[in-house]
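Right after this note come the structures.
Two complexes, one shared chain (subunit A), two partners (subunit B, subunit C).
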Partner chain A sequence: MDRRLFLKFLATGILVGCAPGEFTSSPIKTNVLRPPGAIPEDFFASRCIRCGRCAESCPYRSIKILDIKHGFYAGTPVIYAEKIPCYLCMRCVKVCPTGTLQKVSQKEVRMGLARVNRRLCVTWNGTGICRSCYNACPFKEQAIKLDRLRPIVVPEACVGCGLCTYSCPVKPKAIVIEPIYAFKASK
Partner chain B sequence: MKLSRRQFIKRTAALTAASLVGIELPKSMKDAAQAADVDSWKPGVCRFCGVGCRVYLGLKGGKPVAIKGIPESATNKGYVCMKGMLFYKIIHHPERLKKPLYRERKDQPFREISWEEALDIAAKKFAEAVKNHGPNSVAYYGSGQALTEETYIFQKVMRAGLRTNNVEGNPRLCMASAVGGYLTSFGADEPIGSYADIEKAYCFFIIGSNMAECHPVLFRRVMNRKLSKPDEVKVINADPRVSPTSRIADLHLQFRPGTDLALLNAMAYVIVEEGLYDETFIKKYCKFKLGKPPKDVSFEEYKEFLKQYTPERAAEICGGNITPEKIRTAARWFAKSKATMSLWTMGINQRVRGVWANNLIHNLHLLTGQLCKPGADSFSLTGQPNACGGVREGGGLCHILPAHRPVKIDKLRHEVEDLWGVPRGRIPAKPGYHTIAMFRAVNEGKIKAMWINCTSPAQSLPNCDFYRKGLRRDDVFIVVTDIFPTKTTEVANLVLPTAFHFEKTGVYGCTERRSQLTVKVIDPPGEAKPEVWIVREWALRLAKELNDPVIKKCVEPFIGLEEGYELPKAIWEEYSQKLTKGRDNDLSAVTYEVLKQRPDGVQWPAPTKEHALKGGTYKKFVRGIDPLADKHAKGDDPYVFYGPAHKDHKLYIWLRPYKGAAEEPDAEYPFFLSTGRVIDHWHTSSMTGRIPELLRANPYAYVEINPKDARRLGINPNDMVEIETRRGKIVLPAKVYEGPIEGMVFIYWHDMHEERMANRVTKDAFDPGSKEPEFKICACRIRKVSGPKPLRPYVVGHKM
Partner chain C sequence: MPRKRTKYRKWRYLSLSAAFLLILLTPILNLYFHFTFVQGWYQSLGIGRLWIVSPLEGLESLLISKYVYLPSLIGISIPIIVAFYLGRVFCSWICPISFLHETIDLIRKKFFNFNPLTWKDKIVLALKIIWFALIGEFVLSMILGFPIFVFISPPGLVGRELMLGIIFHSLALEGLIVLLILFLHLFTRRFYCRYFCPLGGLLSFIGHKRKLKVRLRSKKCTQCGICEKVCPMGLPVNRGGSYSPYCWNCGECVDYCPTGALSFYWKRNYYLKPLNEKSKTGNSKVQNDNPLQGE
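== the complex of A and B ==
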């Protein structure tokens, strides 16, 4: 393959694969989450009327509204767990007029599931002792437990609020939120 | 190791790929990939708590870029907590103080001045105060974080130079009761054993300590011991709050705050009643004592005394989850285990009867003979890296001179004067103000000039609003030496920038009597200077101002020495070789050369070089291990308790009655309020708050409330809650959590924000013996003020 051909392929690849993807595929991924009580991602963007009340009601400014770059998903709310996590005050679910955010209680929230990267976590890889995620967890001893000081996530209790990710002092983050529930309906 | 860029990228790529698929790499390769961006690793001691972890500071191009634990270390075995791992980030922090700052009045802004001018002002103000108001109008308030050399030289100039015993330090707020306990029970300050006992213990009695947060590296060793023999090793945790420490406990005794004295006496009752005591140990080594002045009593009288504390009665007093059966179980485990180790910190020390609580823990060890054998010890943990080495041993409190010499005893005072070569009678016979009295004297205007070194009393004193009023007075001249702006620099007239850890040389003495050296490896930023230099230059100017050659005499041996290494070395040599020789903390063989040869430092007593080079004394008072025990031995007994405070070489079992807190809850203020620490922050967070990673983990303080209380008061997680005591009110977000016992709230005290500053509400009642304030207990009322609110973390001038 010569240089010209290679570049052509690359350009087509970018055009076909990435750019429209940004426009039509869901923005939800690791550490980018929907607010509490969100219905599955397959229906989210079609049910949400982009009124922005959830973001307005959020006292922590955790909820951000996606801008025009996100095409179809512009105007929908997301939470960037690494920037400002969800403190579970549950105001957004109360103000959502369409039921896109369903009126769930704190414990029923499933924004995602925390996952510990045992190679990055200093307590797991044996270079240090840290308990930030455990301390930050709003469901201490239920959602995150310590096994010989090492953090372990309990999937049954983890709501995916991202407080652990936010507080993790390691770079890159040794605990992240995977939005595994957002895509459940389609798979 | 040299790595080319290509090699490095290859290895990093291999590491990433391997971590994706989950293969274990050969260890050497992994280390190379992780260590590749550091030129050299320099050994030293961690700057934070009293565990004394040994760390390597990683330098690249002369700049600190990483810290890691030293795997061969005797204290931390290579582990460090996140504070330790990240403190290299504050070394070159942009907010470091770099120039002396001065203002005449406290409402003016600071202006930068030169060192010449700054030292002249400091000397003039102190000299004026001494001339016009007498020597007791000046004071020094130091820190358990200052190096031993610094505390020693400061107190020497204050005592022999300015003729005042107004030398105090923040260890009064944390260790004083432990000192009182050790002196009254064993006759000698500081623990008998070492951390090495942890690996030999079969029962841990952890009371009033959340060591999982506050001494995480040591807690790891306790936990590993428990896990190595889960059925044989028992852990008892006594604490009104369920803390991370309680998670490894077999038995958690959750009592109402302030009832620990009853609990401990009841355990002693069970030990005596069930005949679990060691009769030969008691007969050979112990005496029973009562009251002040102490009076000898018999074992029978002690038994009679204990009858007030049957487990049934104690369970009633203690409340919580305490049942008579639990007390009995705890006492049996304690007495019957092969070796029992007690561990405690502020929950016991920061009490209005802290010394008594310490005595009662020692009593349990004395009754059962759980002392001096491997794994058995009554071990008080320290919160600061050099509270033991610098302040307790170096003479940093108003009533003690260097090397455990009480000021009051003429013979010892004259000994110090002779060793310093100053005329006898130079050091006053009367102890100076203790911490609370000192700051009350500031409030009353009795103190005219004060030097605050390396600590922030404006935030760390209990009921701090009250004492800040005095500190703000314009007729009190305040010098603060620190590395960062703090709440205390806000009330200062003169702020002097100092060198940080690794920017100066000196010794830290950790909890287990271990002295470790940290050598200067980088230059301090700007014009920051080591404290030892500042004191020397200040003293020389003082001598001129007051026209007093004795002040010059105090620093004469140190004139002209280079401040980075030679000066602290000379000060350490004077202290260790002259002052500690022949005392119970004999460090006379521990020179800088020995400390450099001995990577793990030396545990005193170490009177000879051979002994020091072997690491010193692992256990005090045991013949064959402790050379001083052999020296003082008269008979064939295996243990010799030669402590300087008990001339009869006996251990005392004290009859100490139950007494509650100074301020118990009532109808008006129905809740207990207690304060504590979290793993990510340390003390006033002036350092840890400036490490972004740690600040993120815990951006602000919150209040822990029991779910039952929260439900009753309609408080939801993260609601803003007002805590009001008789001294003030603060507003914090709530954490509803099955931690504190019902009827108690718990707040973290690191937050510098005025709204959330815990010590604005704590009580300044203090122990009449140790003069240590009762931070841990006061009465408060709580109410919800609003729903959740976004909060900003607060660090002076810090932009997030």
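== the complex of A and C ==
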């Protein structure tokens, strides 16, 4: 291989590596969450050693491990709230060896915040009466309250476990989890 | 008649199999029997309340995130202490990739007439490359801000693949890296372990003043060169290669040595504290580390 070809390869490699895309940008988005007690996303990928013990200890198989397609985030744990939500058994925070998942109690978990889409929700748009999310919520009357049977999320108490999203019968989901705490810059 | 010596090879393969079975059975036990006493694999192994963290992953996480977490530090310290006294024994006695290499060797011996005594390594590079691999890995990770051991530390890769396969019934693409490493083994024995494994580099750096070494008795040595041929790392054992930091104490040369010139020994301190005045003057027991001077 001559030098020019090598430099070309190197330059392409660097460009591909630095280009914003699935390879370098965080996989965390609506309904794709970090496990309970996770530190902010800015530090998550650098502190996590990808040992996967959170996924192994999860009794509900909520925690999935990302593969090499996610680039730098390969091997880090995520929860797909629509598929299997977090049931807040808090086993993963006990086994994390690096403190990437900090030891928090159930009520202190902030995986995200539930958001009700009032146009899609059958109770809000008046096409029916449903309170699946209210029934599923582990913190009834604290995180989700009913206002004339219409669900209202209380941001102070919502832990973002995704049980409401999982139970929502409407498609697309009328209640989703936004991981707003993952991108709060604080250490 | 030469006395019968212990065959380290058999014990090593037993130990490797046990270590591989441990990470193979752990997810099964966790998933089907809810037995959670042992968890994880060789990136982070939890036995009850004792956590063992791989030093490479732990150090890199510490350097990149600049955050000290005590359980992680304690977990790192156990393998570091082991490597400090025994050298790179993790690689030759525990590592799952080593198990796969040895299994391939066994198959080759049975069916393809593979004989380590006549085998010639196809690609031979300088052993120093492992230091560059280690430094490069750390520097690149710190530049990128992301740990890259995820893709190039094979013990973790094998464990993660096994866990994913058993628990989620799917394999990740990283498994191709393991296959590539095993493929390279067909050309040069332990190609990846010799030249590119960052974990091996770190462990040999920690263990370069190790206590357990393979001793060469120059008086017994006939310079037949068998040890150099059978050494999986390609070290010139008959010229003092076992004293270099690259030696991983596998005992292969000890098994093959026809004259019994090679043996494991535990290096004690050079200058023992004299018990009384007599031993001070002359007769103090000093172990000889120099292979050329003999016993």
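Going forward, the second predicted complex is superposed on the first by the 165 of 187 C-alpha atoms of A that agree within 3 Å, B and C clash if a C-alpha of one lies under 4 Å from a C-alpha of the other, contacts with A are read in each partner's own complex, and residues count from 1 in each chain.
Basically, a residue touches a chain if its C-beta (ideal position, glycine included) is under 8 Å from a C-beta of that chain, and two chains touch if they have at least 3 such contacts.
Remember, predicted model here, so these are calculated numbers, not experimental data.
Participant: Quick one: classify A:Cys168 as touching subunit B (first), subunit C (second), both or neither.
Facilitator: In the superposition, A:Cys168 touches subunit B alone.
Participant: Looking at the overlay, what does A:Cys121 touch: subunit B (first), subunit C (second), both, or neither?
Facilitator: neither
Participant: One more residue to check, A:Ala55. First (subunit B), second (subunit C), both or neither?
Facilitator: Second partner only, subunit C.
Participant: Now for A:Cys158: first (subunit B), second (subunit C), both, or neither, which partner does it touch?
Facilitator: neither
Participant: Who does A:Ile28 touch here: subunit B (first), subunit C (second), both, or neither?
Facilitator: A:Ile28: touches no partner chain.
Participant: Given the touch rule stated above, what does A:Lys64 touch, subunit B (first), subunit C (second), both, or neither?
Facilitator: The second partner, subunit C, only.
Participant: Touching A:Phe72 in the superposition: subunit B (first), subunit C (second), both, neither?
Facilitator: second
Participant: Could you tell me if A:Cys89 is touching subunit B, subunit C, both of them or neither one (first, second, both, neither)?
Facilitator: In the superposition, A:Cys89 contacts subunit B only.
Participant: Please identify the positions on subunit A that touch both subunit B and subunit C, taking each partner from its own complex.
Facilitator: On subunit A, the overlap between the subunit B and subunit C contacts is residues 59, 61.
Participant: In their complex, what parts of subunit B are in touch with subunit A?
Facilitator: 19, 68-69, 79-82, 84-86, 212-213, 216-217, 219-220, 223-224, 227, 244, 247, 678-680, 693-694, 696-698, 717-718, 735, 737-738, 787-790
Participant: Quick one: in the complex, what on subunit A touches subunit C?
Facilitator: Residue list for subunit A touching subunit C: 17, 43, 45-53, 55-57, 59, 61, 64-65, 67-69, 72, 74-75, 95, 97-99.
Participant: Contact residues on subunit C for subunit A in the complex?
Facilitator: 26-27, 30, 34, 36, 39-41, 43-44, 46, 51, 53-54, 57-58, 60-61, 64-65, 67, 69, 71-72, 75, 144-147, 150-151, 156, 159-160, 163-164, 167-168, 172-174
Participant: For subunit A, which residues are in contact with subunit B within the complex?
Facilitator: The touching residues are 59-61, 87-89, 91, 106, 119, 122, 126-132, 134-136, 138, 140-141, 146, 148-149, 166-171.
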